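For reference, the structures are reproduced in the following blocks.
In the two complexes that follow, subunit A is the common piece, with subunit B as its partner first and subunit C second.
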Partner chain A sequence: MTAALQAHSVKRKRFGSRNNRVIPGFGLTMGFTLLYLGFMFLIPVGGLLLYTSLMSWEEFWKAVSHPQVVASYKLSFGASFIGASINLVFGALVAWVLVRYEFPGKRVIDALVDLPFALPTAVAGIALVTLYASTGWVGQNLEVWGIKVAYTQLGVVVALTYIGLPFVVRTVQPVLEDLETEREEASASLGASRLTTVRRVILPALLPALLTGYALAFARAVGEYGSVVFISGNMPYRTEITPLLIVAKAEQYDYQGAAAIGTVMLVAAFLLLLVINGIQWWTSRRGL
Partner chain B sequence: MSIEIDRINKRFGDFIAVDNVSLTLNDGELTALLGPSGSGKTTLLRIIAGLEQPDSGRIRFQGEDATDLHVSDRGVGFVFQHYALFKHMNVFENVAYGLTVKPRSQRPSKKEIRDKVMHLLEMVQLDWTADRLPSQLSGGQRQRIALARALAVEPKVLLLDEPFGALDAKVRAELRRWLRRLHDEIHVTSVFVTHDQEEALEVSDRVVVMNRGKVEQDGTPEEVYDHPANPFVYQFLGNVNLFHARVQNGVAKIGSVQIAAPEYAGQQDSLALAYVRPHDLEVLNSREEDALHARIDLVSVVGPTVRLELQTDTSDQAVHAELSKHQYRSLGLVQGGDAWIRPVISRVFLRDADSP
Partner chain C sequence: MTTQTLGNVANPALAARWRRATSEPDWLRWTLIGISLSFLALFLILPLLVVLYGAFEQGLAVWTAAITEPDALAAIRLSLFVVAIVVPINVVFGVAAAWAIAKFEFRGKSILITLIDMPFAISPVVVGLIFVILFGTQGWLGPWLAAHDLRIIFAVPGIVIVIAFGTMPFIARELIPLMQQQGKEEEEASLTLGAGGWKTFWYVTLPNIKWGLIYGIILCNARALGEFGAVAVVSGRIRGETNTMPLHIEVLYNEYMFTAAFAVSSLLMGLALVTVAIKSVVEWQTERSRRSADTP
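Take a look at the complex of A and B:
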């Protein structure tokens, strides 16, 4: 009798899952998800691609391979790469300090990490340029050493580092909280030095989160506009980022040219994220 | 390698975790640190390992001071309750870890490492799991891997922190017998922490009972179980019934029952508690002069034994008795019926501020 009941309930679970769920509504939520994704993402991206496809190959190639545009790609992707890399190291460090130690003001620092999310990027850009200009607090002192930040490519890196910080911290933090100190203690009791423990036990466990944070920081940096345009000075061939070129083209009513460069960025960003996702998938197969 | 624990103290804020404990653990012995949670047993174990620093006191291994040695230099193997295996390494890499992190000059060759790890895996009967990840193993298997990993570096001392605490009852029982056999083979000085008295009594050569940061009793499992030093140990090691008694001239009286208590020969009319284990209580089906009358409230049959819950005439507290099914049948006892109980073995402690 009980066996029959069980068999029955198994059957119901398999074929009538809608009735057994605690919270129903798959159809409604899935429908909304598709609608939402469609309006917010697929249709704009589709429009971009459609707009680009109106161009001939020659027109497209001319628009995206102009030396000024190529220089901006190098700067945008290069500076994003450096910024995200800096964040990878220091973001991990901030997360470590916030998770592993107790100190006065910890909550304040924890809250400050989110500031680049909340502050309008233009405000951040103006603040950065005020600080790093040759008359600013930081810029003055760097000038002595012959380092110029504002209106140079270094300035772009600084801005992109600033806006990317929260991503690495916020992805690594929860993983670090779950990482029991016991595993580090086990490593130490087996004779491993502190450095070996970090290298062979802690870092591999954090790797997927670090990669995710890196990818997010990178993607955010590539698309960043507001905070960069103030500090970079926007000199063609030197400190012009790709999003700025897109805006410039759009302002000159060259919508097709803007869309073409946008498409290149879209494809490049997509490919990079695909690679990082691939690495993540590979590490997660290792049971992390 | 003997371990000398010399006047160790450790506080966490206001909480005194270890209170001036001194102990010497002999070479090759398997010692159980037994106590309730918060008794300081795990802290003491971690201090021996070097994972925790004592506020004062010294730890010596074979007479040599190890107090200021970092955990990685102490040569201890530590096994954690939740295994603490490296999740991103397979079983082989986990066990080999301690060998591969040695400085290059001391590191064995690849082949030596391979042979040693496989030998250890065979010893824990898990050589077929070498290529698996810890997440693919059961809890009992993981703990055996953790043990193999700890043994790979040939520790002078093996420390186990509630090693079977996270496992289910059957696996626990198997593993502790297995640990006992393993210890008989390799004879490394071992200390394990547990709150399970049965585990401590079954596995160890020696039991150290701890409570509130202090050692309550220290002895062989038989000594500790048969001759508990104080009421705490009595109650902690197994179930026990408490009877209010009056001690006069070396005799404790529980109602009409008299128990010899020669250690209190000088006492005149003192309040005391008699401790009687459920299986040391004789249950009778007819009135006898030196037995207490009780009503049988509940009969529960647990496999071959029968547990009775009885209510005496004088106390509100239920009395538990344990007898074999055979005895129970031949006595013809029934739930709700009458019975007479007589303590066969008991221990009397005078009542003072400490007793419950």
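Take a look at the complex of A and C:
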């Protein structure tokens, strides 16, 4: 650790003096970046945290532990967990199929994977509720089996699966492309069956990418609002997600309640980002 | 890929055994493709079709009427106005941040990159809330703003600010890895040959990052037009005044005007499709330039 830090500072000294002489614009670009981040990001986020910290502990606790709010955490985190898990399985499968196999229309399908990322969430929301309503193309077929999706918790899972879809595919795909088939050949020539090779050679190599994609999909799903509110029906204690409660409280000018729950969500987002960075740090160390 | 290496094996029996060892039998291959495509059809294709069907079900005339109706036009105009402010700001921010991060070594670089990524991890409704608490009537600056007769929340400035916040990372995230990978040798060469900093940027750096920048702008554009949660908190949904396109879609949908909601949605969906198409073109271009760089 200390050796790494020393090496870093030595490198910094050596290159620092050199590139400062040749490439201009460090002061300008760094200054603008920090100024913009400061005014647009750090001060506003600090404002929210300060606002919450001025509440008394009892007020804060009452706001964040109200049974209706707790029910919304369970739904938001639970449905995000299920959605991200579905995406982990199908995302890995889609990435595998896109990298290893050839089939007609592959390029178009590959491009479309990014769609949930580019499509406005409100559009996704009304499209999904129309599909899964009891009169919709998918919903009426599920109705026969007695499965209701729209206006149930299952609908929340569907929406969160939709918006998390690109993440696992896009994190696994490049790793799979770089994976040399020589390692699989070596494994096979040592007598391993295909299943063993997939389990013992390919999956471990994909693990960091799978975890990163999973965490990204989960993080995105926990905070999602637009695609969920149409399909969930927003029934208190049953299909209300946490972001919806924040909107509702802000609309009723209950800033304190909204700020308290918003702080919980903010902390959850920071922790998830920390986990994602941790996975990447672990990967880069493992790579060395 | 696999077949290329296996093609060199002369003995057919051995080649078949190797192929079995490094790939899957046809039935499994097609089963996996089938499962993947069914999943993607359910989640990617069907939502597209339902929007198109909903938008054009009652004919082109109804579609045209829905998107040229005054409130729809006001929403489109507001959304375009916001994009015209937000995207250039994000271009400047993205280029500046990528230049500082990719061309220089400094302490805390990874913290800076994490900070730039952070707006993406924060829930859009929390973004809206942050600015309501800053500028709202009961917020930090509310009384001062009221005294000076300035409106930010429930007005256009608030919408611009939350969208700028939400789309902050997109261009920077495209440019930082691209410029880090390209290094700084070309810029150093240009500068030692006597070109100034700006000239070097325009003639050396910009052509190198052109495709990444174009995709970043298109993505930022699509996300800015589509931003919903944050805008829902700060806009107040005043018809014809503070309704952006996604909010207008929500209003129409909640008033059971489904055809009109899908008509406006079809515009945003078209833009999303253009975005993913441009992304493929950009990837294809970078792949090609990398390949031509690999073979001297």
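Some observations on this one:
The rule is short, and it goes like this: the second predicted complex is superposed on the first by the 235 of 288 C-alpha atoms of A that agree within 3 Å, B and C clash if a C-alpha of one lies under 4 Å from a C-alpha of the other, contacts with A are read in each partner's own complex, and residues count from 1 in each chain.
Going forward, a contact is a pair of C-beta atoms (placed from the backbone, for glycine too) under 8 Å apart; a residue touches a chain by one contact, two chains touch by 3 or more.
All values reported here derive from a predicted model rather than from experimental measurement.
Using the contact criterion defined above for the overlaid structures, shared-chain residue A:Tyr255 touches subunit C, although it does not reach subunit B. Contacts of A:Pro204 after superposition on the shared chain: subunit B is touched, whereas subunit C is not. Looking at the shared chain after the overlay, A:Phe103 reaches subunit C, while subunit B stays out of its contact range.
Of the two partner chains, neither subunit B nor subunit C is touched by A:Gly213. In the superposition on chain A, A:Ala188 contacts both subunit B and subunit C.
Residue by residue along subunit A, subunit B and subunit C are tallied for touches, and C comes out ahead.
In the superposition on chain A, A:Asp114 makes contact with subunit C only, while subunit B stays out of contact range.
When the two complexes are overlaid on their common chain A, residue A:Gly155 makes contact with neither subunit B nor subunit C. The residues of subunit A shared by its contacts with subunit B and with subunit C are 185, 188-189.
Residues 180, 182-183, 185-193, 196, 200-201, 204-205, 283, 286-288 of subunit A are the ones touching subunit B in the complex. By the touch criterion given at the top, residues 1-2, 5, 18, 20-24, 29, 32-33, 35-37, 39-40, 42-48, 50-51, 54, 92-93, 95-97, 99-100, 103-107, 110, 112, 114-119, 121-126, 128-134, 136-140, 161, 164-165, 168, 184, 187-188, 191-192, 197, 201, 219, 222-223, 225-229, 232-233, 245-247, 249-250, 253, 258, 261-262, 265, 268-269, 271-273, 275-277, 279-280 of subunit C touch subunit A in their complex.
Residues 49-51, 70-78, 80, 82, 84-88, 97-98, 101-102, 133-135, 146, 149-150, 152-153 of subunit B touch subunit A in their complex.
In the complex of the two chains, the subunit A residues touching subunit C come out as 11-12, 15-16, 19-20, 22-26, 28-30, 32-33, 36-37, 40-42, 44-45, 47-48, 51, 90, 93-94, 96-98, 100-101, 103, 107, 109-116, 118-124, 126-128, 130-131, 136-138, 161-162, 165, 181, 184-185, 188-189, 194, 197, 219, 222-226, 230, 243-244, 246-247, 250-251, 253, 255, 258-259, 262, 265-266, 269-270, 272-273, 277.
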